[in-house]
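Sharing a structure below in structure tokens format, with a few things to ask.
Should a chain be cited, it is by its letter among A, B, C and D, assigned in written order, with residues numbered from 1 in that chain.
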Amino acid sequence: MLEELKQQVYAANMRLPKLGLVTFTWGNVSGIDRARGLFVIKPSGVGYDVLTPEDMVVVDLKGDVVEGRLNPSSDTLTHMVLYNSFPHIGGIVHAHSPWAVSFAQAGVDIEAMGTTHADTFYGDVPVTDALTQEEIESAYEENTGKVIVKTFAERGLEPDAVPAVLVKQHGPFAWGPTAGKAVETAKILEVVAEMNYHALQLTRADIRVPQYLLDKHYYRKHGANAYYGQKSK
Amino acid sequence: MLEELKQQVYAANMRLPKLGLVTFTWGNVSGIDRARGLFVIKPSGVGYDVLTPEDMVVVDLKGDVVEGRLNPSSDTLTHMVLYNSFPHIGGIVHAHSPWAVSFAQAGVDIEAMGTTHADTFYGDVPVTDALTQEEIESAYEENTGKVIVKTFAERGLEPDAVPAVLVKQHGPFAWGPTAGKAVETAKILEVVAEMNYHALQLTRADIRVPQYLLDKHYYRKHGANAYYGQKSK
Amino acid sequence: MLEELKQQVYAANMRLPKLGLVTFTWGNVSGIDRARGLFVIKPSGVGYDVLTPEDMVVVDLKGDVVEGRLNPSSDTLTHMVLYNSFPHIGGIVHAHSPWAVSFAQAGVDIEAMGTTHADTFYGDVPVTDALTQEEIESAYEENTGKVIVKTFAERGLEPDAVPAVLVKQHGPFAWGPTAGKAVETAKILEVVAEMNYHALQLTRADIRVPQYLLDKHYYRKHGANAYYGQKSK
Amino acid sequence: MLEELKQQVYAANMRLPKLGLVTFTWGNVSGIDRARGLFVIKPSGVGYDVLTPEDMVVVDLKGDVVEGRLNPSSDTLTHMVLYNSFPHIGGIVHAHSPWAVSFAQAGVDIEAMGTTHADTFYGDVPVTDALTQEEIESAYEENTGKVIVKTFAERGLEPDAVPAVLVKQHGPFAWGPTAGKAVETAKILEVVAEMNYHALQLTRADIRVPQYLLDKHYYRKHGANAYYGQKSK
């Protein structure tokens, strides 16, 4: 079942090592079929060199495996919470990419400091609160999803406009309309984190961009008035 | 039309990913035919893996597309302003290369700190002012060109001697006599930015080089008395 | 003798350059046959481009060469001490990987700052004391092993739970149940060091993770209740 | 003439881009035939992708070209001074490798902070004084050599024991018994600079190694009692 989606999610997973986002098996991508309420995700701990489309695992929105001979990613329930809470997203990536993890460990938001950021993220990429002891000891992966949702709610962020987050002491999750787009966003997050890190070491000034630059660059690429790229026919 | 220039501009664009200067489609190169008053530029948002010489777009010096079935780079009007204002330049590159963007975000000039810099840039590479809200909301790309021209005028810089700039909160533009040379300058800017960043973290001393070192190294490679490289026959 | 182990140790050594852990010949891997009390180690100063499985040297637990036409790694006696003192380990890696060496030179522990760390290391990776003049001038390599063992004893660390160390002014040693696993741990140490370095530059706050996060992530991957990856049949 | 030496010097030059030590043509290697008093050096400004052994230029110890149809490296007279002043060296490298240049620009010695350093450099790698205006305006390349020789004399350094230097505001020179060994030393200098940079950002403590560690590691690899590597037959 869902053979086309499996193929897409497989291809999206395979881009992670090519884009330098994973060491060993430290990453996973999923994609959802919203009509059926099922998502497809990488199996846990399987190397990218041996992964096949058939290895992908099908999971429902309660987190139960519907098809697949392998265990799904240990982060499956985090993906589930995000799919249930963010109704427009079609794909999710988690990866221990080094620059984004550094910010997650430091507990420092990736602030919007330039157009590279504003082209993809309509504002700062937030760091969540740390999970409490109780949240970690019970339903850890589900609580990881919940702390992301809580962060977006508390800060009044729109997940379609800010398609990534840093889970404190852990690392990034990124998402998008498809698994493939989510992977591109994860790469952009990594590059933006690298640029921000170096900018922060160069100056102690507040170098966040103003709202009107965010507006200009974000809407140059997104929405009805976007004019970057080629018009789809 | 301009088939040879299209081929050159295409080849120059294709060097950007090879030199590590772009992520995804974040860069564009143009080249001008001064006799005809037309420049050739990469189409907007087209991946380097599918780009062909025929995809190049021909634009006149008012910014109107003269030939091409694709939209030109969204930065086309910035290129136009630079071609109109800097009469000797034959090619322009814009790329979100990480080290140069970090300086642009921090608003820190790339100061001349050594011979690597002085071989190509006869003095500091300046950061422009940030665009104002009005400049961003109206004719954004044209105003990006204008703030570059204003920066060179206010600082008394000669664009042929300092063939690059950092647009604040955005990133670098580099130029040269041809599209190919502009790409080399963009790469040199990136390497020089990396070296300067690390030097700045190692010391708080003022480590700008004196004028006589700039003179020596710049004119070792440029002008009538240059003695680097092989004499052209 | 020990042909299969030689093959494994050879293959583990060959992963060092592929994983970016060595420059020239600056690394060595060994693996032990506990039943026979013999370990196999890379020969000293032989380039990875010419290394063969037959070049591996067999050494006993007193440090004497039992088989092999080449000199064993100059660090052989350090490996010997670790095999004698840490009875569960099956493979050891030493490499001058740049991030881990930077921490070893600075004398700064690689603190547990996130889940990437906690997945592999159940607590901080310690830096040893510097060797004294006497320890360096007599039985240097053996004393390098002893200062590692002393560090683990003094800090009450379990070598199976914290499978790596930084020898001050020198660099990392990592180990594991097999030579291959030890190489993976050496790579993880390098990535974790890189992430920690950048996190430390981003904040002066104490960003060590709490014990309950260490418990959760370490035991998600290790021990009877591990649920990461696929069950072995 | 000197066909074998040309071949060696060509091969040594070709290792510079493979080892990541040069951007474009920013590096040159030479090697000397002491018996004839002639050295062979890369031609100026020729790309590594088109370089051939026949392009190598033969120069005598007064700096005059003896054979070759191309201009020799613009740094030829610096090489000449070093060959005349340091009688044991057989090969020299100059490259604008980014980490070493950063230290040269900052004017910060590469201090001996660990065994990686001590294996090759028997003490700190010094930064020279900056050249004066007069030294730059007259006989610049020769004066670059002279300031290196002066630095070694003033600090009482032995060029065979500390086979590299950083010319202030410029970059590194490295040397060795052959052109090939000099290239390896240039690479080691780059890696050691990278490690030192990161160690310096991690701590403000004085982390230079003691003399007895320098003695141990340097003489483990050099001199009559060296025991690293395989005995030459």
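Assume a contact is a pair of C-beta atoms (placed from the backbone, for glycine too) under 8 Å apart; a residue touches a chain by one contact, two chains touch by 3 or more.
Which chain is which protein? Per UniProt: A, B, C, D = L-ribulose-5-phosphate 4-epimerase.
Note that this is a predicted model, so its numbers are computed, not measured.
Touching chain C and chain D at once is no chain at all.
Its C-alpha atoms fitted onto chain D, chain B is found rotated by 90°, rounded in steps of 5.
Counting the residue numbers that touch the partner chain, chain A and chain B have less than half of them in common. Each chain gets a centre from the mean of its Cα atoms; the one farthest from the centre of chain C is B. Per-chain Cα centroids separate chain A from chain C by 33 Å.
Centres computed as Cα averages put chain A at a distance of 46 Å from chain D.
For chain D, residues that reach two or more other chains under the stated contact definition are 197, 200-201. Contacts between chains close into a ring here, every chain touching precisely two others. Here the touching chains pair up as A-B, A-C, B-D, C-D. Of all residues in chain C, only 113-116, 184, 187-188, 191, 194-203, 205, 207, 209-210, 212-213, 216, 220, 227-231 touch chain A in the complex they form. Every residue of chain B that touches chain A in the complex is listed here, in rising order: 23-26, 43-46, 70-71, 74, 96, 98-99, 101-108, 131, 133, 136-137, 140, 169-171, 197, 200-201.
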